[in-house]
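Note that subunit A is present in both complexes that follow, paired respectively with subunit B and with subunit C.
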Partner chain A sequence: MSLLRPRVAFLAAFAVALSLVAAKAALATFVSANCNYNAATWSPNMYRDGSVTVALVARYEGYHWGGGCWNDNDVDQGPNEPLQTYSTGGEGGDCSGLTFKVWRESLNTSDGGHYQWGRLRNVHGPYAAADFKAGAGVPNATYPKADAIVMDAFASNTHIGMVYQRLTSGADQIVEAKCEACGTNIFTRTYRSDSSYGGVRRMGWTG
Partner chain B sequence: MRAIRVDPGRLRLVGWGLGGLAAGAAAGICAVFVASAVAAGRSAATDEDAARIVDAGHLPPLLRLPGERVTLRFNVFCPAPGDDPFDGTPCDAGGDVFVRARRSGPFRQLPLRETDDVAHGRYVVDVPADLAASPEGFSYYAVLRNQATGASITVPSGGAAAPQLSLPLEHAVEVELGTHAFGSTRRADARVASAIWGTAPGEVGLLYGPSFGPIGPSAFDVAPNGEVTILDQANGRTERWRAGRVAAAVPVDVTGGIADMAVEADGSIDVLEPTGSGSAATPELRSFDPAGQLLSKTAIEDRTWSQLRRGADGLEVQQEPSEQWMPVRRGQAWLARAAQARAGHPGRTLASGRELVVFRTGVSEARVAEVAAGHVVRSWRITSAPPLGEIQLAEPFGNRVVLVVRPYTETQDEFLVLVLGDRGLERSFSVDSADWAETAPLARFRLAGSSLYQLGSTPSGMHVDRFDLEVNR
Partner chain C sequence: MDRLRTLCALCVAAAGLLLVAGCRDHAKPKSSVVAGDVRVGAVTRLRSPPLRSCLRRFRLRPSPETLVVERHGLLGSSVTIADPRSPFLYGCDLAGHGRGGRVCGGSVGVWRRGRLNDPRLDILCADRKGRRLGAAWIVPLRRARSILVREGAVTERYPVARRLPVRIWTRDGVDVGRSSATFDVTQLEPGGGRLAHERLRAMVAG
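Up next is the complex of A and B:
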């Protein structure tokens, strides 16, 4: 009996501690468990078709409002999040967060950018869709919609998507982080002719 | 002064307890660390996926005017060669185009050359004049490669079995629209459906927030008798409207994303979902019986779709990057992806067996051709002063064709309905864009009988308006 009680105490304490750690781990979000805050690297290169691949990695990785961190396993590890909730820490960018990374922009709006952000770097950037629409920030400018080409964008007050390819119907393929149910992907859209959208060009491409 | 006496038994008990806490915490931390390392290992393993990324952008010259030089342009999107695949440089790509005159015979292999013109396509090939001049057009497909990894993509995806077709327009009827008077829109002849935003029966769901949406019902369809079915994907249901009232609400198992929809003659409901669930998965066409029971799920061939329509012998989906219409069901048989690819063609199949090929080119020009057995039967070339956006609808209407195009400026847009006959423009009128909430891209109009129906929306709700085309206004 005298040996049993300490063992019971040990096992009980062991179980409690293990449960607490497990609970803490279970409460971790995708962002807290996977993402980092590493510095971006500057690159002299910023080709339109070279930057498209950043968006292609983000395909199928989901949508997270206010987010900007994803891996590349083609699974949304933060599905079915409540609309416009950041604290759930799910996987994926939102529309402006995706654009910020693909366009290799800077956290400093007066900096032209050329920054390569890792996909697991949790960063949204300083611009909301409406800021892009207004051409806010040194690298960004409003641009005629009819002349928009690959890696230009169409932005409204609530959304932004980047041009991927024009279509024979006159619509465009757009690469975008669209919504929780839609995820991040290439979709056919008609933003070009929609007057709630304006054209936006990221300046400073090297090709 | 009293000495504090500690029971050695209790002290030992506390010691064992503290030891248990420490050991449990250590074990838990180790377990979490191992799990994280495994997850990170999986993530690192998928880093190699960069090597397999290859995608293409291409605008096929479906309909060409006499004398137009034919250069086929492609963008190839794949990671950069070297240690850092995402350093911003383009990939080391290349490939070949296989082209031939007409729709049969041997292909000629032409290597793509690289240019600096990423705006129109960095990789190009000029179609030899003898092939481009063929009165029956030419057909082609391209095999595009990441030279560094060998990953490749074929466009259109059917390759030699279903090459893209480029047809000459020798005698297109010219239609000059000139300037567009924004604001002179026609009123609808009837409002056949109307609902406020919400979740209750008779209401329609809306996805909207300060930095999100608005996305309303993403598609609708109209039966020959004028019965309207609305895809209320946000609420996971369809609503059938008859005589201005909701006749039935049918729950359907949809993801809630922006989907297209077609309703068949027997009342079956086909919903084309926006996306697949992984890079190997393509968007899914879900078919439901009239009561909403799921009948089948069929993956489409390509990664992206533009529109879903009932064809003469089943359902067809316009797919990208192939930029072809592909049958997804023929009769009662659902087609596997490869079978869809092998049956791709440039135009929508009409009840007559002909195809209607649509080509929006340049900033403000649209070309339309009715094609039979690979030959242009009749065609129209429409030019406009303001830019033209998408062609929302192109449908035969008796011996005419109804076209809905969208003139726009930076701050204005409207839909313009054109009734095209053999001699040119027979009738036209403008329609308010009524596009406050987003729908599927080419799902705002349907033609049923002699009426055109429009799915519209305002901040207070959605509606379907009817415009009778035989009425002169």
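Up next is the complex of A and C:
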């Protein structure tokens, strides 16, 4: 009997530990389970084509309010999050978080350098859409919409999207993190002719 | 042996003193309360330079019913613009103490039926030493008369105006790496009683 008790106690403790691990796994969000806060890598160059590639990786990876962390499996691993809620920790960026990462910006608003952030680095950056629209921060400037080309952006007070391709119809294909239901993708938009949108250019492209 | 006994007695006494000192409810460092200045009125009445800058920033054409709340506080000033015809709430932040300063950041929030979608954090402003400041809105509770925000040894009091969201500031709570800020907020009722206390964590978003 005395030999049996330690065994029972051990088994009980093991079961408790196992259930705690399972509970933690169940409570983990995409961000808490996958994302990091590593430093960015400075780069001397930044090409528009390269930034298109960065943007396309985010495609199909979902939308997360205030977010900036995604992998590359074309599955939104944090779907159906409540409207404009950060704490649910889902996958994807929001419109301004995606732009910040694709434009390889710095957390320091006075720094116009190029910084590569890993896909799984959970970073949104200091700018919201209205800040980009106002040309806030050294790397960003307002720009005539008629002259906007690939990887320039159109921003309103509540949204921003980057030009993927200019169409002959006058509309544009825009790569953007639009909303929870629409995710991150390329959409045909008429922001160029919409008076609530202004043109924004990331300064300092190498080519 | 006597020496050993004395030493033991001293040790026991020291342990007792430490225990008593450790268990005593230490008085919290006193926090001084600084009251912010607030002006509220129709956009046609408050034609101040910060308001003009803010209207320009968002390219707003206000109606005569548009309401403006202008605040001047310890860390910065702000302008909040609410138009009953629009679902949006506009805010501009100006760093620095006093009525001078330029607009260094701003926010737009969805404001419907007394509810705000998000605190709409802005971390673009900095103080004179270059330290980043955070500004966000907090929605006052129905009976709240003022909002206290604790910042180290200083607490700033923000009077509630027309039950519109109150633009509050922090410096210590800003986390640039995570594009977030935490505010230590207490809401007070008219008599000064505490209605609620929370640590509000806000993220730059949208």
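The criterion applied here is as follows: the second predicted complex is superposed on the first by the 201 of 207 C-alpha atoms of A that agree within 3 Å, B and C clash if a C-alpha of one lies under 4 Å from a C-alpha of the other, contacts with A are read in each partner's own complex, and residues count from 1 in each chain.
As a working rule, a residue touches a chain if its C-beta (ideal position, glycine included) is under 8 Å from a C-beta of that chain, and two chains touch if they have at least 3 such contacts.
Bear in mind that the values here come from a model prediction, so they are computed numbers and not experimental data.
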Which superposed partner A:Thr158 touches (first subunit B, second subunit C, both, neither): both
Partner chain(s) touched by A:Gly204 [first = subunit B, second = subunit C, both, neither]: neither
Touched partner set for A:Val123, first subunit B, second subunit C, both or neither: second
First, second, both or neither for A:Leu107, with subunit B first and subunit C second: second
Of subunit B and subunit C, the chain that contacts the larger number of subunit A residues: B
First (subunit B), second (subunit C), both or neither touched by A:Gln173: first
Subunit B versus subunit C as contact partner of A:Leu83, first or second or both or neither: both
Which superposed partner A:Arg5 touches (first subunit B, second subunit C, both, neither): first
Which of subunit B and subunit C A:Asp131 touches, first, second, both or neither: second
Subunit B versus subunit C as contact partner of A:Tyr37, first or second or both or neither: second
Intersection of the subunit A residues that touch subunit B with those that touch subunit C: 65, 83-84, 94, 96, 128-130, 158-159
Footprint of subunit B on subunit A - complex, ascending: 2, 5-7, 9-22, 25, 33-34, 43, 45-54, 56-57, 59-60, 65, 71-75, 83-84, 94, 96, 104, 114, 116, 128-130, 144-147, 149-150, 158-159, 164-171, 173, 178-179, 181-183, 185-190, 192-196, 198-199, 206-207
Complex contact set, residues of subunit C against subunit A: 57-58, 88, 90, 105-108, 110, 117-118, 120, 122-124, 176-179, 203-206
Residue numbers on subunit A that touch subunit C, as the complex places them: 37, 65-66, 83-84, 86, 94-97, 107, 109, 122-131, 134, 136-137, 157-159
For the subunit B and subunit A complex, residues of the former touching the latter: 9, 12-25, 27-29, 31-32, 35-36, 39, 42-43, 46-47, 49-50, 53, 55, 57-60, 62, 75-80, 84-91, 116, 118-120, 122, 207, 209-215, 255-258, 274-280, 303-307, 318, 320-321, 323, 358-360, 363, 366, 387-391, 405-406, 408-413, 433, 435, 441-442
